[in-house]
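Chain naming follows the written order as A, B, C, D, E and F, and within any one chain the residues start at number 1.
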Amino acid sequence: MKLVIENLNGERSGQPIFSSLNFSLEEGQALVVTGSNGSGKSTLLRVIAGLLNASDGSVLLIDSGQDEGVSPPHEYMHYLGHQNALKLALSVEENLNFWQEFCGIPLIGISEALVKVGLPGIEHLPAAYLSAGQKRRVSIAKLLVSYKPIWVVDEPTSALDKASEVLFAKLIEEHLSSGGMVIAATHQSLGIDSDNNEQIKTLNLDKNRLSSKEQLVD
Amino acid sequence: MKLVIENLNGERSGQPIFSSLNFSLEEGQALVVTGSNGSGKSTLLRVIAGLLNASDGSVLLIDSGQDEGVSPPHEYMHYLGHQNALKLALSVEENLNFWQEFCGIPLIGISEALVKVGLPGIEHLPAAYLSAGQKRRVSIAKLLVSYKPIWVVDEPTSALDKASEVLFAKLIEEHLSSGGMVIAATHQSLGIDSDNNEQIKTLNLDKNRLSSKEQLVD
Amino acid sequence: MTDVTTKSVGFWAWFWDLANPTRFLAVASWLIPVLAIITVTLLGIGLYLGFSAPQDYQQGATVQIMFIHVPSSWIAMMCYSVMSVSALGSLVWRHPLADVSIRAAAPIGAAFTFLALLTGSLWGKPMWGTWWVWDARLTSVLILFIIYMGLIALSRAIEEPITAARSLAIITLIGFINIPIIKFSVNWWNTLHQPASVSRLAKPAMDVVFLYPLLTMALAYTTLFFTLHLMAMRNEILRRRIRSMRMSAARRIDTQSASQGN
Amino acid sequence: MFGDHAAFIIPAYAVSILVILLLIIWLRIQYSNRQKELLILEQSGVKRRAAKTQGENSGK
Amino acid sequence: MMSLLLRDMRLAFRVGGGALTGILFFLVVVTIVPFAVGPDLNLLSKIGPAILWIAALLASLLGLDRLFQQDREDGTLDVIIIQSHSLTAIVFIKCLSHWLANGLPLILATPIFGLFMNMEPLAIAAVLATLIVGTPAITFIGAVGAAATVSLPRGGLLLAVLILPLVIPVLIFGVSATYGAIQDPAPFTSPFLILCALTLFFSVLGPITAGWMLAQSTD
Amino acid sequence: MMSLLLRDMRLAFRVGGGALTGILFFLVVVTIVPFAVGPDLNLLSKIGPAILWIAALLASLLGLDRLFQQDREDGTLDVIIIQSHSLTAIVFIKCLSHWLANGLPLILATPIFGLFMNMEPLAIAAVLATLIVGTPAITFIGAVGAAATVSLPRGGLLLAVLILPLVIPVLIFGVSATYGAIQDPAPFTSPFLILCALTLFFSVLGPITAGWMLAQSTD
């Protein structure tokens, strides 16, 4: 599987935000999008996830062996935005259960996922009772309970403490090493660059061009 | 002016979160509250701001010269929580204007404040059109447009880029040097420890005890 | 004089002691069976007396409905009074059992109000020729029912016990104005419904063949109410205990994992 | 026994008994559910707070 | 899909917005009418069907504007849009669960309210039938308004303006079918059939339009 | 305080659909009732005042549940609570702006609807007067319900149920003052004065209670 982005242009209410982006991600590769506030990270992620229309260009997901893109690519993605997409009135378990069933392809159990994000045993708490960082961690657990090859995550580590950041970096590495792809917008480093250098590309939107430690398919 | 916190205990729906906190802040001093997710930082800040009842203990603001506490202390505070308290349907200017008038004691003009947070010229945009970090910066501008001696800020730098973090650190220093006080909960350093060492106390809630680089009133 | 005060101090001390849930559960565990036995006995006597009563010359056999209609109506009002006193206790004295009491009583009160409405309607059809009229007594009981349901919905909707307690107590107190309206509506407005004929202290305007079974049934319903209320309070206390155990479990694990992480 | 009013008296008694019985059953079921949950919690090693005397449902 | 239905219904029943309160609200409206028009049983039984229809309309409109808004505010809508093949189906399911949780319990309680209004059994049956057939149309129409509100940050006013001309025909045919069943000269079958047709029509058109608007709404 | 009033009104006209939704709902009710009661103009003008009062009552309840909720969700309520001496004053101002934006336009539209209902000029004037005096009371009472349900995602219906026992007296006196003005034996002045008294009473008690509850609601 391969995600190919060709000549992508994004705009917000008529204003061009980024233009002519070209890159591609193979299985096991990650793209880290950086840039100052308002540089268009979230806009790019939303265009890739199909939540905003590109003003030009295309996002293609190409299955190995096939020639044409799978359509629509966003059905193969998990999207985690600035919001957590949790219902505060429901318990943590009910929330995760819903997302597991709704997204299909269940992967691991709810309690197992909660252990992985460092919150074992909170299944029965209503989501309203969690602290900001705990909520964020539950919404990360959402990515784990059902399988999608591509994770599109927008500042996933906001509100997380140091220990959880490390946990999350490990989760991303696991996902990559199992053949997934990750596109992350972030202000902090994700804490994985050093280990897995080859596979991490970075895109700085302030310069609106692609720079990476390895050569890119362009 | 002096903020004295004596034997403060906080709870969430019957569960004790922290107990017997004692510290005091003089003019020009700041308290940085750290701790892992769910350790009770937000709870502490909300108790100090009078949004939650303490289960025991007291928060006193003592005016220089006087003996008794000014009451209620929270009228001397700006509170910036996890939420931005902006109305998305109104423009940035309308939002800030409202807060300036509502809080009283106007300090600097709206456009001046926006320059200070690095967003000059966005007065007329509806708040809905801002990126996550830009919204946060507007809500920081809220602290600047009217004067309150004490700032109680909960993860103020979440969603901010590196440059804005530096800007914000400068704003805090200015506020401190003009005799204000700051209580901040944060996972990252605020970027001011090194410069202004003596005046910054830290409180790690994971250990639920006060540790500081200078000796504390206890 | 002194005797009385020490006694009442003793009572208050005991009453506050009940605030300890463990103590309350212990008391409830023997009080509930005792009350249940008394209730069954009284119900047996009341039903026997009731069914052996002669037919009323005016109302015929439908007077039988009175033996369940009037007690249900009384309990419906008494239950609300209990809740209002509890609401005061919660707001003024902050007695911890008071919130529990309000929340536990609401469904029971709703059930008895429903029975009052239903038996009243079943009595009204033969007596007045219609199931329902919009007279003051009937309407105010209907409003009582709505208030009960509203309180139930509110207490279910707010999960957090402390916030829920405040709202519940206030709204309960607001709704209390309805109780005197129910009680005195028949005197204030000229309506179809029967004015008080039992509770006129000096001389009840009712024959003893009807009065005795009615009073016995009323007593039985009262003990029934308290039995049910105690059971419901016990459930509510356990529910809160479980809730706080779950929360502390979550927190404990959380702090553990945090300290491991560091 | 009830004359021509049986159609009203019998439903009145029947529904009263039914509602009260349902109430009792509902309370019993709640009770045993709570007991079961407590048992599970205690088996999984959760203990109640030491400060039992203050009461976990204190109205503060 | 099923999971969405279940979750929405669970939310409706959990937070006190659902069945119970819908019925209660109905009861409130029915209770205050005699206070206003007076306890004249004849008059009440005459305007009864209209009151019941208005109360049902109101109860189904209340809360409808938040059909998508809450999901949007907490980020759920984004994920739902990404994960699903067809937004039309999503809207349809959401309407269905809204109707099941808010409309249906209320309709099932109509007979009791009919007794309060001193209505004939026939009139009660007629109201019941027309409500069951008619109220889904209101939900489907409302969904379009709700989607419009979500997509336009300043579209609140639009909701009402948009759906009003569509809702009024439903109401008119509903009420006139009811009276057709009771009063002799007026026909029952034809307005009732038109009502069915309206519901079918909007159950297709509503979700398609609303789904399309939702897809445009993300920003 | 003034700034809060202005901001709330601005928001109401900008996003809320406040003003217009109320009027539109009013319009729906007034359109439907003639269908229900048939072309009997006499009956229509007889129940006209009652219908207008019910419609106004329901319309003023429409958006009331969101009085504090939105402010709570975006964090505004926290800051408002911290910054203000008196929550009572805050609640009062918020009620006032809600009434100005939602209640008043609707009342000003009454004369037109009165004509639809075939009402006499005198009756229309009476409805107008009693509505102006009476509807603020409903808003103030509703504020208590809104504060009680502030943390509930869909408090709307519940709100209406909770405040019912307080709203009914307002309705009773409002309607009876109106009929007092039209029909001869019935008095106008005394129910009208009681209505004024109710409004004054609730304009004090409502904000105090609601303010107290809001202060308790933060978590």
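Quick note on the criterion: a contact is a pair of C-beta atoms (placed from the backbone, for glycine too) under 8 Å apart; a residue touches a chain by one contact, two chains touch by 3 or more.
These numbers come from a predicted model, not from an experiment.
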Min route length, chain touch network, chain D to chain F, equals 2
With a Cα-based fit, what is the angle in degrees between chain E and its identical partner chain F, given to the nearest 5?
175
List the interface residue numbers of chain A and of chain B, divide the shared ones by all numbers used, and answer same when the ratio is over half, different when under half.
same
Pair of chains joined by more contacts [C-beta pairs], C-D or A-E:
C-D
Which chain's mean C-alpha position is the greatest distance from chain F's?
A
Farthest chain (mean CA position) relative to chain C:
A
Distance in whole angstrom between the CA centres of chain C and chain E is 35
Centre to centre, by mean C-alpha position, how many angstrom separate chain A and chain B?
31
Give, as an integer number of Å, the spacing between the C-alpha centres of chain C and chain A.
55
Can you give the whole-Å distance between the Cα centres of chain A and chain F?
47
Contacts with two or more other chains occur in chain A at residues 12, 82, 88-89, 129, 134, 161-164
Residues of chain E touching 2+ other chains?
11, 14-17, 21, 24, 28, 31, 35, 73, 153-154
Which parts of chain D, given as residue numbers and ranges, touch two or more other chains?
56-58, 60
Inside the complex, what are the residues of chain A that reach chain E?
12, 46, 49-52, 74-75, 77, 79, 81-90, 94, 97-99, 101-104
Taking the touch rule as given, give the residues of chain F at its contact with chain E in the complex, in rising order.
14-18, 20-21, 24-25, 27-29, 31-33, 35-38, 43, 47, 50-51, 53-54, 57-58, 62, 73, 149, 152-158, 160-161, 164, 167-168, 171-172, 175
Chain B contact footprint on chain F (complex, rising order)
2-4, 6-7, 10-11, 14-15, 73-76, 78-83, 85, 218-219
Going by the contact rule at the top, pick out the chain F residues touching chain C in the complex.
144-145, 147-149, 151-152, 155, 158, 161-162, 164-166, 168, 209, 212-213, 216-217, 219
For the complex, which residues does chain D have touching chain C?
1-3, 5-6, 8-9, 11-13, 15-16, 19-20, 23-24, 27-28, 30-31, 34-35, 37-38, 41, 44, 46-49, 52-53, 55-60
